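Okay, structure first, notes after.
Chain naming follows the written order as A, B, C, D, E and F, and within any one chain the residues start at number 1.
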Amino acid sequence: MAIKKFMYLNRKASYGTVYAIESLEVVLIAAAFEQDVSLAFVDDGVYQIVEGQNTDGIGMKNFSKTYHALGDYDINKLYVSAESLEERGLTEADLMPLVYEDEDDDWAEKPSIKVVSNADLTKIMSEQDVCLSF
Amino acid sequence: MAIKKFMYLNRKASYGTVYAIESLEVVLIAAAFEQDVSLAFVDDGVYQIVEGQNTDGIGMKNFSKTYHALGDYDINKLYVSAESLEERGLTEADLMPLVYEDEDDDWAEKPSIKVVSNADLTKIMSEQDVCLSF
Amino acid sequence: MLHTVNKSSFERNSLQSCLNIIDDTSVILLIEDGVISAANNANSSMLAELATQGRVYALQGDVEARGISSKVADNIKLVDYAGFVDLVVEHGTAVSWV
Amino acid sequence: MLHTVNKSSFERNSLQSCLNIIDDTSVILLIEDGVISAANNANSSMLAELATQGRVYALQGDVEARGISSKVADNIKLVDYAGFVDLVVEHGTAVSWV
Amino acid sequence: MKISIQINEGPYQHQASDTAYQFAKAAIDKGHEIFRVFFYHDGVNNASRFTLPPQDDRNVVNQWAELGIKNADGEPELVVCIAAALRRGMLDESEASKNGIDGNNIHPAFRISGLGQLIEAGIQSDRLVVFGD
Amino acid sequence: MKISIQINEGPYQHQASDTAYQFAKAAIDKGHEIFRVFFYHDGVNNASRFTLPPQDDRNVVNQWAELGIKNADGEPELVVCIAAALRRGMLDESEASKNGIDGNNIHPAFRISGLGQLIEAGIQSDRLVVFGD
């Protein structure tokens, strides 16, 4: 089967709506299909991967730890909009340290998150075959 | 039973979401309770009462005519934000000519729509006992 | 690519987000409450620029439902659902700014 | 009055709409994704002004869930759900900017 | 104080019902009375007794049911708007049999009624708080 | 061309399902194949056979059913995400009996399946179009 480039476009914060968690569920399933998977975090979507989420006070499940599992499924292209971060007073240091082990480089641990400009994101998006929005 | 001041706050356009029509359904029921009813049309809510809506092309019910019935139910305080209209390039002439018959003035036909400034709306809202948002 | 935007730019940031990332060859189709941004007074100079280039479409049924046919900028092209299908076919990957 | 805002000001216009109409004595409570607007960088000088006057609250559980506790402006007061109830009781009519 | 609640969104998709539940629980804990919770728009979907969330997640429907919000006659005051409910496929036994549908899905802790119940809640309560999208 | 559709919102509350239906109908009329419609998030609520809209309004569920989108084996290709469906109280006979629930509400023109069906639709189709809020 031909390999397609899939982009998962995440533009909403977690918890306020269900899209973040249900998007993550799709991505985990997608891993089994061995397609080329990219995730984009744009606008309030960047809050999905902010470090230190604690849902004890709102009675909802904290699924943020699950993003750490993405690396184990060879999903390691997490593009974060630099402009979206900056507009929100966030930096890469505020995000979870998501990593993967690079099998082509003696399983060295490498960061999965790539902070990119909107111009870069434009280019990345224009190469996609399928874009799933949530 | 004491009479309370009810405000129905409408901020969304019709058809894209259900809130406009289901808000109108509440208002029509509310008429039977003989409370003091005001409707506020703010932000994209002003599109709910634009003249000339035609839903033939989208397969949805055109309920805009129902706003004309409000006058018959003694619901005649429809406050429209002047700033919201202006920002959208709309004027009062773009709105449906909604009217009521004033029983205190020999059943003279009078306009139900009052275009008001946000400052006026602030004052009107501060007098309300109950605000239903849709 | 075909970018669809279904919310008013007065209410949400989705049109702006689309404009931030759209490339030089893609087109935009405004649908549902997104057609509100097709009205003359819609507040984006960048959308106006794309419209000048013939790259902005709006769903006619949605425009008519909202009673704003006379307000739509001249260079925004109106399409019906069949036209929507054609845009999807012609422009490759579809991106929804939901 | 108590005004509740439940969406991020980056995503929607509801906080701005609330600020356009709020009177001189009412308070604002940010809940759900609305707490995003409580972060330092939130882009409204008017909200900052109201916070200086002690008239802006945010739901602590929602702030913590989004991992932005350290970003919240100092003069925005955090409350739990019991505090939310107290605000409803104390401030009369509740207006939701949904 | 008598407080009523209007909920415009269904469970899980939006936080509205979760926040409303936490608010209602806190109000009851503080000794206030929840006069009525009115489920309108997609909010009617909060009343489904078919809901089966994953083991590690909260059950929004059961949370509401367990609050046991009732009036003096023991009738539930978790009220589902009938027009919004029928449109969305939320039926109690009576509506199902009236319309010839072989099933129903309203949880017994909720009851279906008309929009007048929302207006009445506004009139009878000291406060009405709306939760939505 | 093979086109698939993802729908994120339920009927009536949002226009998403209406627009998607009009789009699907137009695509079929133009001779394209709708490979699959995948109902995710609140989109699963489009599959309720309990839906009873007012006489003067469209029936969103029946509209989808009447499009008769099926595969070569005659199986429905209106696919409802199982995880999203269970969470929201949308059950077919098999899920209902497996979980001890005395009723089910999925319309027979739809079928419940896993998220893999969405990915597969993306792989197998020339285009995938998302409709949401």
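Convention: a contact is a pair of C-beta atoms (placed from the backbone, for glycine too) under 8 Å apart; a residue touches a chain by one contact, two chains touch by 3 or more.
These numbers come from a predicted model, not from an experiment.
Asks: By that same contact rule, can you tell me which chains touch subunit B and subunit D alike?
Replies: C, E
Asks: With over half of the numbers shared counting as same, classify the subunit E/subunit F interface as same or different.
Replies: Same-residue interface.
Asks: Hey, which chain ends up farthest from subunit A, C-alpha centres compared?
Replies: Ranked by distance of C-alpha centres from subunit A, the top chain is B.
Asks: For this structure, I'd like the pair of chains sharing the most C-beta contacts.
Replies: Top-ranked chain pair by contacting C-beta pairs: E-F.
Asks: Report, in whole Å, the distance between the mean C-alpha point of subunit C and the mean C-alpha point of subunit F.
Replies: The answer is 26 Å.
Asks: Compute the distance, rounded to whole Å, between the mean C-alpha positions of subunit D and subunit F.
Replies: 38
Asks: Provide the list of subunit A residues touching at least two other chains, using ranges where the numbers run on.
Replies: Within subunit A, residues 15-18, 43, 58, 60, 129-131, 133-134 contact more than one other chain.
Asks: Mark out which residues of subunit E touch at least two other chains, giving numbers and ranges.
Replies: Answer for subunit E, listing residues that touch two or more other chains: 8, 12-13, 15, 19, 22, 41, 57, 83, 128, 130, 132-133.
Asks: Could you list the positions in subunit C whose residues touch two or more of the other chains?
Replies: 6, 10-11, 13, 32-33, 59, 61, 80, 93-94, 96, 98
Asks: For this entry, which pairs of chains touch?
Replies: Touch list across chains, by label: A-C, A-D, A-E, A-F, B-C, B-D, B-E, B-F, C-D, C-F, D-E, E-F.
Asks: Within the complex, which stretch of subunit D touches subunit E?
Replies: For this pair, the touching residues of subunit D are 4, 6, 31-33, 59, 61, 80-82, 84-86, 88-89, 92-94, 96, 98.
Asks: Given the complex with subunit E, which residues does subunit A contribute to the contact?
Replies: Residues 15-18, 58-61 of subunit A touch subunit E in their complex.
Asks: In the complex, go through subunit A and note every residue touching subunit F.
Replies: Subunit A residues touching subunit F: 1-2, 4, 6, 18-19, 22, 25-26, 29-30, 32-33, 35, 129-134.
Asks: Using the touch definition from the top, list the residues of subunit A that touch subunit D in their complex.
Replies: 12-17, 43-44, 47, 50-58, 60, 62, 64, 87-90, 94
Asks: In their complex, what parts of subunit D are in touch with subunit C?
Replies: 10-13
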